[in-house]
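Letters A, B, C and D mark the chains as written, and numbering starts fresh at 1 in each.
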Amino acid sequence: MNDLKVSIQTQDFDVAQLQRELGSLDTTGAIASFTGLVRSNNADRQVAVMELEHYPGMTERSIEKIMAEASQRWQLQAIRVVHRVGALRPGEQIVYVGVASGHRGDAFAACEFVMDYLKTRAPFWKKELTSAGEHWVEERTSDQHSAQRWGASPK
Amino acid sequence: MNDLKVSIQTQDFDVAQLQRELGSLDTTGAIASFTGLVRSNNADRQVAVMELEHYPGMTERSIEKIMAEASQRWQLQAIRVVHRVGALRPGEQIVYVGVASGHRGDAFAACEFVMDYLKTRAPFWKKELTSAGEHWVEERTSDQHSAQRWGASPK
Amino acid sequence: MLEILFFARLREQLGVGRLQVPYSDAVATLAGLQDHLIAEHGELWAQALQAENVLRAVNQDMAALDSALAAGDEVAFFPPVTGG
Amino acid sequence: MLEILFFARLREQLGVGRLQVPYSDAVATLAGLQDHLIAEHGELWAQALQAENVLRAVNQDMAALDSALAAGDEVAFFPPVTGG
């Protein structure tokens, strides 16, 4: 297997289309996916707009590496990662990770693994524009703990 | 929260539509989903058709109970379960579990929990029609182990 | 009356998906009902219903052999489940 | 020449997203480059670049302060990431 694709884009994405790509092999039994959405509230602040900045080049490279690592750790058939950048409003989709495998345990584990990486190591930054002004989102300790479950990851 | 829905049906389902229903609250930050597909191979047999039988009434009841239990264990906003019955061909969708939450850890855990239940306790039975004749699918020990992770579940 | 259901491999083995048994003291527990069915139908049913992995439900909840039965109950026998 | 990039809060604090520094022995390590930038730009940069949670990358791989630099390298400084 090596059907790994990452896309960093401003436009929205179509979950059904991504899932069709993931399920194109007839040996695929399981697709686990995660979709992240902009919440209207974050720590009790009303979010009007979320701005996502990234490090072009490093983002794609680092996600390609983590997808390759996931493919070594688990029996997978395909991974799709889409991460939006730019200005997003509450309810909009931010991120998609979908993993296809013969069996569900591998699909779930790899999907969580890639998401934990995106939250803690991939070079994206969120700025919230709220009723109380704009500010950069702080890293969450719980995300760091999630990521540490997996042991050493590539730098 | 109590937006819990289960559907047992012969017709196919639309993942994008299900996901739109799950993401209809603007406090939703995370949607974890699982889609099961009919594989063309199972333990090296070529599957032509998979026939799914269920226990009408008990199936819906037992899945409603497990969704209610998931809602107590984790902070969730909505769950959708769709399980098809009847004759399905390789590549077709069998089952969908989608969970919406404010945060991804809860969404992932609840999605796996409900899937493990569907695999080990909900009254569905699969019969494979293969090149070597037809036979009922045997329970998998690995599924039983997956389900035991969660401790005691309702009978 | 008790309403008895059989599913999947068990239904095929026994050649019946549904039958009714008049309620009496002899079938006032799941074990009693099972013995009654075996006495009525013979060795094939004994093997099928007493198999180690057979599951049983009363009124659509999983149930153990010592469960009490009441008139009007729905009782089901089935093999290990394989959905999802 | 070294290509230096700053992202997110760090870019806003320093008021610059990108600058170039001529390559020399003084900037042959990431620590050396950081000292050079602070010497050039003063206290605000010292606080920003030396903050405990600042991350650094060389040629798009995360890097420690003792990493060696070569002419043509791309070096980035940024705050903890918050994507996903």
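The rule we apply is simple: a residue touches a chain if its C-beta (ideal position, glycine included) is under 8 Å from a C-beta of that chain, and two chains touch if they have at least 3 such contacts.
Predicted, not measured: the structure shown is a model, and the values here were computed from it.
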item	value
Each chain counted as touching subunit A and subunit C at once	B
Chain located farthest away, centre of subunit B as origin (C-alpha)	D
Inter-chain centre distance, subunit C versus subunit D - centres from mean C-alpha coordinates, in Å	73
Between subunit D and subunit B, distance of the C-alpha-averaged centres to the nearest whole Å	49
Intercentroid distance (Cα basis), subunit D paired with subunit A, Å	26
Length of the line joining the C-alpha centres of subunit A and subunit B, rounded to whole Å	23
Multi-chain contact residues (two or more partners), subunit C	84
Residue list for subunit A, restricted to those that touch at least two other chains	36, 104, 115, 119
Chain-chain contacts as defined at top	A-B, A-D, B-C
Complex interface listing, subunit B residues touching subunit C	36, 52-55, 57-58, 61-62, 83, 94-95, 115, 118-127, 136-140, 143, 155
Contacting residues of subunit A [partner subunit B, same complex]	14-16, 19, 23, 26-41, 90-91, 93, 102, 104-105, 107-108, 111-112, 115, 119, 142, 146
For the subunit C and subunit B complex, residues of the former touching the latter	5, 7-9, 53, 57, 60-63, 76, 78-84
